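Across the two complexes that follow, subunit A remains constant while its partner is subunit B and subsequently subunit C.
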Partner chain A sequence: MGKRNRNVGIIGIGQTEYSSHKEDQNQPEMVNQAVRRGLADAGIGLDQVDCIIHGNMELFEMVHQPDMWHVLGSGAYGKEQLRITTGGTTGATLVCAADNLVASGVYDVVMAIGLEKLQEGNTTGGITNMADPLWFRNLQTGALSGTAASKVIDEFGADRSKRAAMNYRITMDKHACLNPRAHRRLGLEYDQIESLMASSPRLVGELQLIHMCSQSDGACVMIFASEEKAKALSDKPVWIRDHITVHREESYNIYGLEVPETTHHYAAQALFKRNGIPNPLEYFDVFEMYDPSAWWGLDWIREFLLLEDDEHLKLMEEGALKMDGKLPLNPSGGVTASNPIGATAMLRAAEAALQVRGDAGGHQIQKDVKHALASGFGGTMWTVLIMLEKELGWQEVDHG
Partner chain B sequence: MKRVAICAVAQHRCETDIWYKRFQGMLLDILEDIQLQTGFDFNEETGVHNIVTVSDDVFDARTISDNGITDVVGAHYRGEEKMAQEGLNALVYAAASILSGHDDVVYVTGHCKESQSESRNVCTNLAYDPFYGRPMGLDYLNVAALQARAYVEKSGLTPRQMAEVVVRARRWGVRNPYANATGQVEEGEVMASPLVCDPLRKLHIYPVSDGAAGFLLASEERAREFTDDPVWITGFGTCMDSYFLGDRDLTGNFALKKAAHRAYKRAGIEDPKQSVDLVELTDCYAYQQPLWLEGLGLCADGEGPAFMDAAGPARYNVNLSGGMLTGNPLMIGGLYRAAEAVLQLKGEAGEHQADHVKTAVVQSSTGGAGQFHTVLVLEA
Partner chain C sequence: MGEYDGVKVENIFNTMEKRFISLGALGVDAVIGYKITGDHGGTWKLTISDGTMDLQVVQGALEGCTTEIIADAEAFVGVNVGKFSVADAMAGGRLSIEGDATVIGNILPKIFLPFIEDIAGGEQGEELICLSCVPTIRQRFATGPVMGKWLKGLGEKKFYANRCPKCGRTQTPPREICADCRVRCTEFAQVGPGGTVTLIDKVMFASPDPLTGKVRSTPYAMIFMVLDGCTPGDSFSHELKRSDIDRIQSGMKVRPVWAEERTGGYNDLLYFEIDQ
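Presenting the complex of A and B:
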């Protein structure tokens, strides 16, 4: 990796509300709502956008090359456009790609659009179709997996693990209840831990229905500009410091029982090392994590923050991941609340940027947010990790 | 813009049905070919950290079509981003990634097996909205036929001229070891081939093909580590037209003209007629060759047929690969076009090598009747 050609700032964010069904909008109309909100947030017109980058999954809505149709709402008419997808990570990949396109010096302002309208397809059927048709498709159960739960339980025992996972889920729901755009806002209370453990239907092993992410409709737009343009156009641009993408080959390993290093851990180590951040838990002020289920979310805190042993469970048990905790996790409510898949990973970066700006509204955390982390998850255990900063000049900062 | 190097290209021979090899095997052949040419690896410090792939969920009938190829493109514990659009855009994006400073060497690879679906028209029918276009049966073939009819009306393109495009394509395709439909055909055969979708006849339409291709791109600073004679990406541009056919001027080249203008401007080309030595364009259907040549600014609007008669394609070395008409799959046709242009600029095109090629223009389109266009400028 070389030196960044030029800095890139996030100058606009637009989101639709997220819901299980948007009967009143077709796909281009839903995209248009997010685009209009993004442009309004940036205070610019479509004429100032040089390039658009688009992403969602074709087989979820069964539309081939959907950007062709979505041009009716995306504003891409007459403009440059690219379309990049990487499964669940799509939205985060779009953020990385937009950063690259602006940093290249070729485009000054790039608009990224992530969306999904899962109501219009069969999501679990679509995800099952990602598996190899000869070897694994008859085993795949969409995104439903009990392995994260059994892994945590093996290590820390059933009672502590199940309580921590339900604690995680309720914390996420409490955050979601502060976010008017969130899809599922259930009003769960911490005194429901045991009753939910007993009553929520089991999907696979110890993965219960309440643990699992939503299936949502919605779109997210982010607008990126070169340092010069960002300073001219925005009062409070949020700067992209660095990002990393780490993929891994198909997760089913028939050759042995050795558990490979997670891509989350690999990505975090590489990213923090090259940016001189020895202790991410101390450095970051907020973390928006792509948490497809409460079990995965709980397990991955340790991977992303490079923690050891039961440090992640302690963070959960001590309330350190709540809105007013040491490192607020998913103030937006995260993916268990809202999951329009092609937009989901972009939402992580968008919500992290809103926290840096102080513009998250009801779910704004109270302390000053200078450094934010956002993650994407997709494919066969793939990771995208993005670092956002309030101020430029991080090269000079002593990260202690 | 600063230039970016293409250090090596690899093409899988296109066939109508590569039933004996899965796309993973085809991609592995491509990767090994490029590694043999350049010696590049995936070393954590100095190797490739990011791979840009091209494939399509609908053509592969797999959600996240890139998830089955991680190992054979070298992305195990590395980055991989899928261009879910026509393949030429992967070169645009990979070049921008290198210019950004985030990457200095990027491997680009793509695959498409049109043989896997019962009909590629079933795939492209899904590109039409579920309310109006799809139930009417629109797909890229019959929409192209509407464009062909409009272009015939506008330009006076004759059946004989359309046939000549195919005859010339086959004449060159015979010499290209990567082409699919290589048999020579006569004008009369083309004009008498079965009418598929009026006015398009069977031989006017690119044959169903399977294929895969790969590229190694590097920054100017690192290019010489991998090759002695890099070819340079000096400009690119893209453009989107509107969606509903009634909202578009099907023969006006709105998107191609803008894409070409952007590419020429970035490459510092003021007059393409003077600067361009070679053109590789995505002629899925015979009438598109003169139409796209108009859009690229090599002849005036509506003058494509006269330009053909005046040996314009010979003068500008148009599609010496044989082009799409000798068989490359949709989605990665642009990668084959670019690979051919790179070989020509390196002087490695073998039996179909042109003389004195310094500047090449590569064009691809996607969407019905060229809704979206990409133009790349390559220089020796």
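Presenting the complex of A and C:
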């Protein structure tokens, strides 16, 4: 990130409930519910919003120009509006774009809307049908992949790895059960580890149905304001400290005999280095991670927190990632619980901000949350990583 | 807690007659037993017989059922109100099916309107109208000269990788530049045809093949490999011969099996097979 022209605070958050389908609402109505809740949370009216940015994955619902239809629900008619569509990271990219727009001084107040109604399309079909046309379209199986499981099992053995992945899934479900908005709240118990390993249908390799994220309907709204406006409008703005977006070429060539650094690891080391954070595990009070499956989530703890060897498995096994643990992971239940794709990565930042505010409700972490981390993930491996702070006055970003 | 958002087990059963679609049940004969455990649970027996339905509360054991659905009350209501899918409930160990399981996916949705809570205080709305059509869209993508060379090579049973002049890595299939070094890659090298397997993705989930519209038959295995002569980080992927799926392991040598007729495309390669 370049030098920050001015600080940006999150002043409003609005979410719908997440569900496998919402046949009682059309898309504009669903957007409207989140917009109304976001504006009410910020305590402002639409007239105080300078610009609206809209994001979903239109190929999943197969509706062109969704931002135009959704004007009926967003109130964007006659306002500045931009649309962003970056796959799984759409919601996180919306946060970055809103931050950049406000920090730059172009707008004082920006409202970002992320949404998806996956029930109205075919996600796996959408992903598969739109993969690289010259070669990989022939191979793609949507977002399903057993590669993360293979990688973890190769390194740590089948028994320990499979238990850790199921432990991860059950922990996420326990968190989701505390969040009334979460889509899948299955009521899983830790004594079900073995029975779930035996009974859950296999999708690809050791990736089982229970490990995989849901397909959800829902919308999320976040409202961003300049420091001056944020302080005037909000009692407890949550500050955006820094964010990073890392791309690489298509990911089909990352499974050779030598494996390149992941975009997650690259993003984390670059972001923490320039912010002077040598030990993210100690620094952050909560981490909302985009975890498309329990296997990926398990593997990525190590990437994002810059851990080594089996430190991430130990965190899982020792319960350090539970609500009351050292670094609570996805108190909201994460993506295996709720996954309205265009909103999913925004939910990570929104839920992290609610934790900082102390307003998460049933899934609020009990200890004080000052520093929060939120990640976004996109289809063929790219990364957005966002840092939020409760107080201004952090060490300045090193632009070196 | 035997309910979801205020909906109880009895609401589901009490509305069955109202939701029944007689036309959808023509020619259907099934006896479905429901064993619902927990609060508001109980045992019910639903008999569908050629356009008619009969629902009985059962005291004691179920008998003569073609399908039995066993679920806890919350999961049963959750599935009926659309809070989660049958697959989710089964995966979570909350719902199981004995006997003819096809009834769940194939029969019940045709003979009952979905349960919708009567929040507006009015009549049950009309069912959604579904129109089905199969559009066919002809698309033509330009390959560019680099991918073009690769595809032409396949027609001659040859793999042409290209090499980065700066870092030296090979790329299969070849790409216009090395994205790491941001330099053009103009040097091509013939690699393979054999390779060493690095990772196996055994696919059980049947996804649609975007190029035919048909659901792929499973299981199949996608393998990642490093072709002979390529640099270690350069992995290539294709399908494995299906009869080799149970034997394949990382580190094994594989060789390509070519199609008789080749047109310069992915399907010039049928699959790879174990070569040891």
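We take it that the second predicted complex is superposed on the first by the 387 of 400 C-alpha atoms of A that agree within 3 Å, B and C clash if a C-alpha of one lies under 4 Å from a C-alpha of the other, contacts with A are read in each partner's own complex, and residues count from 1 in each chain.
To be clear about the criterion, a contact is a pair of C-beta atoms (placed from the backbone, for glycine too) under 8 Å apart; a residue touches a chain by one contact, two chains touch by 3 or more.
Only a predicted model underlies this, so the values are computations on that prediction, with no experimental measurement involved.
A.B. asks: Figure out whether A:144 sits in contact with subunit B (first) or subunit C (second), or with both, or with neither.
C.D. replies: Only subunit C is touched by A:144; subunit B is not.
A.B. asks: Now for A:72: first (subunit B), second (subunit C), both, or neither, which partner does it touch?
C.D. replies: It touches subunit B, and subunit C stays clear.
A.B. asks: Return first, second, both or neither, reflecting whether A:190 touches subunit B, subunit C, both chains, or no partner chain.
C.D. replies: Neither partner.
A.B. asks: Once the two structures are superposed, pull the subunit A residues common to the subunit B and subunit C interfaces.
C.D. replies: In the superposed arrangement, which is not itself an observed complex, subunit A uses residues 129, 133, 248-249 for both subunit B and subunit C.
A.B. asks: What residues on subunit A touch subunit B, complex-wise?
C.D. replies: Contact set of subunit A toward subunit B: 1-5, 26, 51-52, 55, 57-60, 62-69, 71-72, 76-87, 93, 96-97, 99-107, 126-127, 129-130, 132-133, 243-250, 263, 266, 378-380, 382.
A.B. asks: Going by the contact rule at the top, pick out the subunit C residues touching subunit A in the complex.
C.D. replies: 74, 82-85, 87-94, 114, 116, 119, 128, 139, 141, 143, 147, 151, 171-173, 175, 179, 196, 198-205, 207-208, 210-211, 222, 224, 226, 232-239, 250, 266-267
A.B. asks: Show which residues of subunit B lie in contact with subunit A when the two form their complex.
C.D. replies: Answer in residue numbers: 1-2, 49-50, 56-58, 61-64, 66-68, 70-71, 75-85, 89, 92-93, 95-104, 123-131, 219, 237-244, 254-255, 258-259, 262, 266, 366-368, 371-372.
A.B. asks: What does subunit A use to touch subunit C in their complex?
C.D. replies: It is residues 19-21, 23-24, 124-125, 128-129, 131, 133-135, 137-142, 144-147, 150-151, 154, 173, 183-184, 186-188, 192, 195-196, 199-205, 208-210, 214, 248-249, 252-260 of subunit A that touch subunit C.
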